[in-house]
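This is the structure I have questions about; it appears just below.
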Amino acid sequence: MDLDAFLVQLIVGLYKGSFYWLLAVGLTLIFGVTRIINFAHAAFFVMGGYLMYTFYNYTGSFILSLVLSSITTGLLGVLSEVILIRRVYRLEPIYQLLLTFGIALVVNELQKIIWGKFPKYLSIPDYLKGYISIGGVNISYYSLTIIILGFLVFLSVYAIINMSLWGLRVRAVWRDKTMAQILRINPYAVYTSTFFLGTALAGLGGSLMIALHPVGPGLGDHLIIYAFIVVVIAGLGNIVGAYITSLLVGVVSSLATWLLPEVDILIVYSIAALVLLVRPEGLFGER
Amino acid sequence: MIIRDVNLALIIALTALLLLVPLTGDRFYIYITSLFMIYSLFALSYNLLFGYAGLLSFGHAMFFAVGAYATALFTLKVLRDPLVGLVVGVLSSIPVALVVGFLTLRHTRVYFAILTLAFGMLVYALLVKWRSVTGGTDGLTGIPKRGVIIDISSPTAYYLFILTFFTITTIGLYLFIKSRWGLLVRALGANEDRLPFTGHSLLFIRLYTFLVSGLTASLSGSLYAIFMGVVTPDIAYWTFSAEPLVMTLLGGASYYLGPVLGAFIFITLTTIVARYAEYWLLLLGLAVIAIVIGFRGGLGGMLVSILYIVRERSGVWGRWRYSRLKI
Amino acid sequence: MEILKVENLSKSFGGFKAVDGVSFSLRELEITALIGPNGAGKTTLVNLISKKLEPDTGRIIFRGMDITKLSPHAVTRLGIVRTFQVVSLFPTLTVYENLKVAALASGTSTKEIEGIMSDLRLEKFKDTRVAQLPFGLQKLVELGIALALKPKLLILDEPAAGLTYEDRKNLVKMLRDIGKRVTLMVIEHDMEVVFGLADRIMVMNRGKIIADGRPEEIASNKLVREIYLGEG
């Protein structure tokens, strides 16, 4: 087997997986805390990409735009939570899913209205262009940046959840909402802040992605499936599991595309279905 | 002849109305009404699962696609006849329903929903990747309307073909729901926790519901294949699974004919309104949001509420008691 | 004749032992009341017998057959029927339809369903959706479903809860009638109902059966008095 090509595909898989991670972490956090599966999550990811495009063209600074678009996306997520999602906490999960689905439709269409029907893309900023040579293989700085950033996000989220006061509240509500309320923790504040963090991270993912892959209508529909697959294979509600699984899914699908292009997506979906059947809680999941 | 059942009366009335369409001779109306009937069947099949049994599925397009592709493959490769092809298409849903159903229906409702998404996309992937058989992203073309047994090439002919199946299936499905089998399906949707303690197997009831729903969905898919003459993999993509869901919601999931009303609204929005308002999907999304937050009964629910108000104010419906208005 | 035999049944939730090595037998056509303070494990015991929960240890033998591994619907069809403390009906279905669902499993005829409805004085509400009925009538429907299943062993979980004084007296009368044809086990807190009905009383506390005998014996049992009147 061609080791060089394998290495390249591995790196591709890792940065793809990092994108899946940025998409999945929000979904997992939001589900863990609110027990809602946010169908609109991928739409926010894509929103990050679009916002990045706009901010970058306006400010010319990659990093500034990154920060602005992530935060804005987070705020939009909060908006959706406060105005709409909050009203369905007491309804059956089916209606919650439907609501987030409706929100996804609306967000997707708004994106089309604001940014048009054609995909938008950005080029990688000059200081991140270029390659580094590892063992005879050229790996782009940008993809390395993404992988490293993804890992940093993982560490940060893990640290925040497990070591900060806010994280403690999150874990309390996650465990037992009623008990948390008895302990004077306001679950709604936790819900909203979780929505902010989760959606902002998705926005970050989209913002980073636009430099590599054009962002346009239909992207959200495609990504949501991968987000679900990751979250479901990993198990709804586990941060470490989600990170590992995201990378795994990225690498497996990348290798599959390289080695077995005739059946690449088939493999991913089959694995997802298989895991779900054998272990419905997911590989790392709680219940 | 007085039909005491409101729904049957409505179905007969609707059929009568639909019979008038080909008389207009307008190809566009014939086309769009045919599509309406096909989508109605798809939505009705969906609501059996969703509204009556309480099972939300994101993979229902799987049945539609299986029926469509089975019909296409059969008529193109084995026997050129739409009627036989239709039968094959419908029957092809049986193994799919049994296998997928057996694997997915033992889980809780939320996992079932996600599993159906995965399986639905699995079918999509299969259709895209198995180029030699399915034609890949290009799909299959040239599905015949003229066959050895029947010839439905003219618009009037294929319209009546679709209408026949539409009426028979709509009535048949209704009789199923009113039967003892249907009662158990409704019990499932009403309180599935209680059901095992009334001596019934949850899995068994879910399975046969899934089967009937699948058969009907595949029928609509087969009709679609014959009608369009072309099938492509996008009819298996998950967003297509969402369409009957939206139609059901729009029309009202708790009314038998709700999905039909929803299909009507949906087709109107997608074809007629879409010409003037490019962003009809936005309207759809807003409608879904509005329905979930406010009008969970959909348009059907709103209409029924209006009927009640009219009755209260004017005593017009006189002899009809509330309990009679069973939709 | 022994209709039910329970051997060393246990169930824990996390570290908490809800049912702790419980063993007893029920005799046919004997009316047994199961009493005890809240949290004693009574409902959990019923859940285990009706297979709503899987026991951690122990066996359940019904009419000579080991049913420990059977599913809830199988057990129901064999004749063990239970009602729920919090009424669990099919809300969108009518009274008749609720009973019909049960009848479909037990082979009860339409005439028999109508008989049950008239015994429970529910015929007027035959076509009313159960969700629209007042609480007291819903409890009767709950009982109706149980009867439509043609039970051999009927376990009632707090059938008198929430009923008015009048309704309770009628309930006792009804249950005594039913008890002539069906073996009954009743979980109850209302002592008047218990003493008006039971041939035998079992007392549970903290997952164990601490007393078991005729009503007069239980009434004068020191331990039982302590639990209800003393340390609580």
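A few points about this structure:
Letters are used for the chains, namely A, B and C, taken in the order the chains are written, and counting of residues starts over at 1 for each.
Just so it is clear, a contact is a pair of C-beta atoms (placed from the backbone, for glycine too) under 8 Å apart; a residue touches a chain by one contact, two chains touch by 3 or more.
Quick caveat, the model's predicted, so the values are computed rather than measured.
Traced through touching neighbours, the fewest hops from subunit A to subunit B number 1.
For subunit A, the chain whose average C-alpha position is most distant is C. Chain centroids computed from C-alpha atoms place B closest to the centre of all protein C-alpha atoms shown. Once the centre of each chain is set as its mean CA position, subunit A and subunit B turn out to be 33 Å apart.
Rounded to whole angstrom units, the spacing between the C-alpha centres of subunit B and subunit C is 43. Distance between chain centres (mean CA atoms), subunit A to subunit C: 50 Å.
For subunit C, the set of residues that touch two or more other chains is empty. Interface of subunit B with subunit A (complex): residues 54, 56, 103, 107, 109-111, 113-115, 117-119, 121-122, 125-126, 128-129, 237-239, 242, 245, 249, 279, 281-282, 284-289, 292-293, 296.
Contacts from subunit A toward subunit B in the complex involve residues 37, 84, 87-88, 91, 93-95, 97-99, 101-106, 108-110, 112-113, 221, 225, 228-229, 232, 262-263, 265-266, 269-270, 272-273, 276-277, 280. Subunit C makes touch with subunit B in their complex at residues 50, 52, 71-73, 76-77, 81-82, 84, 88-93, 97, 100-102, 104-106, 127-128, 145, 149. Residues 180, 183-184, 186-187, 189-191, 193-202, 254, 323 of subunit B are the ones touching subunit C in the complex.
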